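What follows is a pair of complexes built around chain A, which joins chain B in one and chain C in the other.
Here is the complex of A and B:
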């Protein structure tokens, strides 16, 4: 039994789960019991996120979080690399139309996290969490040097307020208002 | 209070050798002394010195009574009223002390504060009894929204009791995605809570709903 415990010591979380069996009700607040669920954490380098607008990308991987040392949370902006984009076969006309040739696989984009599996606290004491991680793409990051070899000016200081796509799918939290993403709020199907 | 009990033991150990007498009166004093000490750390030193004094004086008085008794049989009657006088004195002294209210112990303070806060909140808006498995509808006023009350419907996944910050966790599938929101029950932002129906569950926390089909968390 000591050996089993010792082997468990290497994993920080399970040790806590094993020892604080009786106190798990007190220790784990609203983030789900530590024993059965994984602790949801930040969005960091390597996190795969779903894209919920019609900008052309489908799945994206975070390569940098522009806010927070540990990673991004709900409402923060991240730099991502597109891993999977919509193929040519997909919708081209109508409301759902994918913006033609906007975002391709391998391009580096800025996105704002609209849904996070990690709970976000609000000022009135409530907390909200979603079942998945999702971004809305705001802009494409251009390469530093031009084709000719000159350095291009980076323009992300101004802040991103306009999403690249024209539609947003799924629920969107109120945090977007605080983050000045009003366009996304207006496009949203459902406000949480 | 763990630290105070830590301090308590050396005090108790220190006191015992000072009471070598076999007087029942003195030994019966000890439990009351202990209870008085457990009250607060601040008064610890204060009370111990008091106790020492009290025991010393008690001893002296009892010793005097004994001496008086042992001197002559004839003076028994005098000894007895002396004893009685002493006990009467003691009673009077104690009565002068006791008519104050029962002291609120430090450990009860948070409980009392929480109860008071809940009472205040219940006056404004009574909270129905909510248990895990209820399907509730909550009308929330969001200062950001400003227009209408937002409505949140869903199944209560868990209820965490913590005095005024008692929270319930509501789960619902919104626009295809599962959303869980934790609401503090006694929040002034919540304008109305209504229990719509109830689902039989055999658990206090329904975290298993996260892995199940979305159909089980959908509520029209």
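Here is the complex of A and C:
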């Protein structure tokens, strides 16, 4: 629990940088409150997310949210850049095996947010929130032009449904069903 | 629709209220309002926070063991809808509630009774020992020595004299 609290204080703050986000005012005003309780916001450019599958990446940074002007929420797809990936030492054999060499540091990937620290409203009126921001990688974004110099079109409007990895760790919310991420639901250990 | 209990204060959470927090070990914590949620974030132990049901149960303030509680236990088996059963259940809920609340009130008054008797005893003692704080020391003696004096009716003679 202490570790979780520490990580929250260091990682959880959204990167404001040069962003003139409408939300920045709200975030900065509440960050100085007593008890240092954070106002959890959207997943936006610069947000670090944990990767909870065995695709090879460990930590990823959001560079674009494909839904929402303010940022992504639970269940939305984001474009990310891999900041940290599994080293050769981590690669194991068998069921636990990390998909070797699929996702390397610096590659740009699509991911779906499976856990968000910001609460999401459910149809029955309740609100759910998780302990951290986590993502499951769906596909690697290919470069716009291939070797021949032609422009490649990558279809993402239809939506990615197949995760890159073969295992998903941690709890997964029911929101995945609405977002048609059924494979992730079937791989999940716990459903919330 | 399901009514759940708040993890912190043990009150019922109705639909549309509160937040549920899912920890990474997939344990779900439900809170009825932000007060409970904030206390949880502060890492307070509900068994030590005086206004929670957990504290009251742990310290014997509230009734914990009674047959009426068994009616409220969670059952994971769905029941087939039967109109008569539903009607009877609704009536029973009201009755059981009433019985439970009277029993709880009894438990609390039983708990407070010896203290009331103690308080009464100490009050009587105080009157005996410290009566001087209520009444003046001299006045008590005078009260007991009140004597009745008879007054003769010679008034009529005196009045006639004055008039003349």
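Following the convention adopted for this analysis, the second predicted complex is superposed on the first by the 156 of 192 C-alpha atoms of A that agree within 3 Å, B and C clash if a C-alpha of one lies under 4 Å from a C-alpha of the other, contacts with A are read in each partner's own complex, and residues count from 1 in each chain.
To be clear about the criterion, a residue touches a chain if its C-beta (ideal position, glycine included) is under 8 Å from a C-beta of that chain, and two chains touch if they have at least 3 such contacts.
These figures come from a predicted structure and were not determined experimentally.
Chain A has more of its residues touched by B than by the other of chain B and chain C. In the superposed model, A:174 lies in contact with chain B only, and not with chain C. Look at A:192: by the touch rule set out above, it reaches both chain B and chain C. Legend: residue contacts after superposition of the two complexes on their common chain; A:84 is shown touching neither chain B nor chain C. Residues common to the contacts of chain A with chain B and with chain C across the two structures: 37, 115, 119, 124-132, 170-171, 189-190, 192. Residues 25, 29-30, 32-33, 36-37, 115, 119, 124-132, 169-171, 174, 177-178, 189-192 of chain A are the ones touching chain B in the complex.
Residue ranges on chain A touching chain C, taken from their complex, read 1, 4-5, 35, 37, 115, 119, 124-132, 170-171, 173, 189-190, 192.
The part of chain C that touches chain A in the complex is made up of residues 1, 15-24, 26, 28, 38, 41-43.
Residues of chain B touching chain A in their complex: 142, 144-145, 150, 160, 165, 167, 169, 174-184, 187, 189, 205, 207, 210.
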